[in-house]
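In the two complexes that follow, chain A is the common piece, with chain B as its partner first and chain C second.
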Partner chain A sequence: MKRFFDSELDALRSHLVQMGEKSIEQVRLAVRAVVEGDPELARQVRAGDDVLDRLEVLIDEEGVRYMSLRNPVATDLRLVVVGMKAGHDLERVGDEANNIAKRALRLAGEAPLKPFVILPRMAAIAQEMLRDALDCFLQHDNDKALAVIRRDQEVDDLHRELYRELSIFMAEKPDTISRALELMFISKSIERIADHATNIAEEMVYLAKGEDIRHVDELKKGPRPAQE
Partner chain B sequence: MTLNVPEKQVTAFIGPSGCGKTTLLRCFNRMNDLVDVARIGSGQIRIDGINIYDPQVDVIELRKRVGMVFQKSNPFPKSIYENIAFGLRLHGIRQKAKLDEAVERSLRGSAIWDEVKDRLHKSALELSGGQQQRLCIARAIAVEPDVILMDEPCSALDPLATTKVEELIHELKEKYTIVIVTHNMQQAARVSDHTAFFYLGKLVEFAETQKIFMNPSNPQTEAYVSGRFG
Partner chain C sequence: MKRFFDSELDALRSHLVQMGEKSIEQVRLAVRAVVEGDPELARQVRAGDDVLDRLEVLIDEEGVRYMSLRNPVATDLRLVVVGMKAGHDLERVGDEANNIAKRALRLAGEAPLKPFVILPRMAAIAQEMLRDALDCFLQHDNDKALAVIRRDQEVDDLHRELYRELSIFMAEKPDTISRALELMFISKSIERIADHATNIAEEMVYLAKGEDIRHVDELKKGPRPAQE
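Showing the complex of A and B:
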């Protein structure tokens, strides 16, 4: 049976999906701005951030209103709570994209240290994680959510690898320090984006099953090797 | 169906009209004995292990142990004092001092003493609806039952009177086992420890209230508690 206020939950759902799409786009453009040294793209990202800010506020308003007036329970209540939390995570993704764009502007006039390899790989994985987390929201696919959570480690490893590489640059050629530092912060931002994607995936498992799987370390390591 | 009503806790029965929750509740003190169509078939209802439909069970004694509060408050057209004393006299208590003490204890126990202590001999019908309902609860607990059955006890009350009765239910479970039928889902969520959801005469799900309202196992339960039923 359809309730007359079901459209309010549909609106909240659709705003969260819009936020997801927009934040993935922001990350994509910001990383392209760095790799291609394109200040115009970076400015576009900076201008687009307030879309995410406004959607986050809107979802919070819709959520509090729904809880106040509609007495949601069970899945409906989890949808509202998860919508607000995931909205917050996506807003932070937007902030990280904004930070990356800021640094892209600073790097735009400078010669690259070396061809970009690790950074685009990290960014691609982080975007896929966001995309998959969003798919979990639309399809209630728990296995996919668990896969997102496990992939976070890949991004963390790449971040560490890049960090080491950049440290060597800085030690050997002090004139690269300012550029290397910008890249370190960009890498950190991507690593944070993957963390937010992980949070969202955890939130989607909570939405679908009512189980809180945060801080369960086994999930992050993936299946254990068979015992001899 | 098999249902274990836990002692000294509040168990709520929810479900759409006609699902049988009131009928089942009324079986717990044999209120259906005179209703021809209501017969216990092969099943049993046991209180502390005793089958209450055993021919040897004294129905008057059973109803002393299992009190009831109805949807519409139904005080006797007598004084407040007499409403409480009536059941006690029926059970053989005659001394005035004992009756006085029991009347005060029951009225205090149902959180209405302060409101009526100065007019105990006035008619109970002069009380407000909420006060009448708490008087009926006082009347039920006067005979020191083990179980109190409540059939939509707040459905005719305003929100403030409802809050008072709910507070009372919360206090009463220290001493009594309470089973409450309610159409108000939020009330079930607020006052009960366990909730049973019935549909078309069947028990669909019985679990801790928290589970029923946060993450029910059965999709029908979820639809009903979310107001999506039908």
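Showing the complex of A and C:
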């Protein structure tokens, strides 16, 4: 897989690293905007989203150009394809950060339902998963990729816990419904961000092992419970 | 773009058509399971999801093999990359159908909040969008692709309408909260299915025009309203 890191692919690789850094930063700021009720931070996230959009287009262009000019062999080809797919996942992470920021704007100025505990924990794990997923792409660290895949369950469990907690709030105090709904969808966005990190890690394991482990549920901790 | 339809790529093309048919069928059955409160249909959807997972893996394999053996030029290369991306979108459509089916199982046996009107309309539009997105891939029909992209707004508007309607239900009758939440997330899933159809159409326009129209919001009817 060394060829990917040749100078010809430096641009693609460095754009992917940039996308990773930027998307993690967007998630961090968007969740801070929610927790601190800071509309200025939310607006910053919304303004920053087009950077990710442009980087994704660049990565696609660079990938297609490289494949077309260099006719790489199967392994290198897969690496470029995985890089392009990772770029797509990171762009979607940016979209979710943007969605969180929109909701942060609507929540700003409203009294918080209670101190934020689960949401920042979920967000911290999701950011770590993104960072680790990118690291395993850059360092070809397969164990790290498997660890990312396993952590997805933690975020799913926290999402379910928060969903239950917010449902109870809504039933007990109907005046909290609109705020609780915003928080539920923010939680859903974070859960999806963790899914994108998992996708990237799965693609990396696929690349490293030459086998496809996407859709192999045994890797995760048992079957997922039905309740969201 | 003719070369893509050469016998060598017949398998990839036919797998993509199969994926399209299957994913539309999964959405249709999942929404019927909700509307008719039929757990049997929901279980059918859940059992059918792995077909889509397997087809996506096949399409990726066929794409990489073709690119590696044939060293296609840029346009053909892009066509294969777009085919692989469409496969990924259709697999995610299957995931959303699966999520809808899970929620249909939880709703089965519960009294419906009111007759289903908006949800089946949203689902019908999303299915048409998927079909049209695939057709424009198979027939290189650029106008059809642009029409798909424009229709996304219809689904977004219906989603927002239903969200508002369900929020009011929840506030007025707290005993409807758990059912209303299930319906809100089902609506969100359908909205995402329409997004995936839009992604496929955008990729096709990009391919046909040789330019990237993803993230060009002017194509859509003005800026999106903030309320979800």
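Just so we're on the same page, the second predicted complex is superposed on the first by the 215 of 228 C-alpha atoms of A that agree within 3 Å, B and C clash if a C-alpha of one lies under 4 Å from a C-alpha of the other, contacts with A are read in each partner's own complex, and residues count from 1 in each chain.
To be clear about the criterion, a contact is a pair of C-beta atoms (placed from the backbone, for glycine too) under 8 Å apart; a residue touches a chain by one contact, two chains touch by 3 or more.
Because the structure is a prediction, the values reported are computed rather than measured.
**Student:** With both structures fitted on chain A, tell me whether chain B or chain C touches more of chain A's residues.
**Tutor:** C
**Student:** Identify the partner contact of A:Asn71: answer first if only chain B is touched, second if only chain C is, both if each is, neither if none is.
**Tutor:** both
**Student:** Report, in rising order, the residues of chain A that make contact with chain B in one complex and with chain C in the other.
**Tutor:** Of chain A, residues 71-74, 77 contact chain B in one complex and chain C in the other.
**Student:** Any idea which chain A residues touch chain B in the complex?
**Tutor:** The touching residues are 1, 3, 71-77, 209-210.
**Student:** Where on chain B does chain A make contact in their complex?
**Tutor:** Its residues touching chain A are 185-186, 189, 213-216, 222-223, 225-230.
**Student:** Using the touch definition up top, name the residues of chain C that touch chain A in the complex.
**Tutor:** Residues of chain C touching chain A: 50, 53-54, 56-57, 60, 63-65, 67-68, 71-74, 77-78, 81, 84-85, 88, 102-103, 105-106, 167, 170-171, 174, 177-178, 181, 184-185, 188, 212, 214-215, 226-228.
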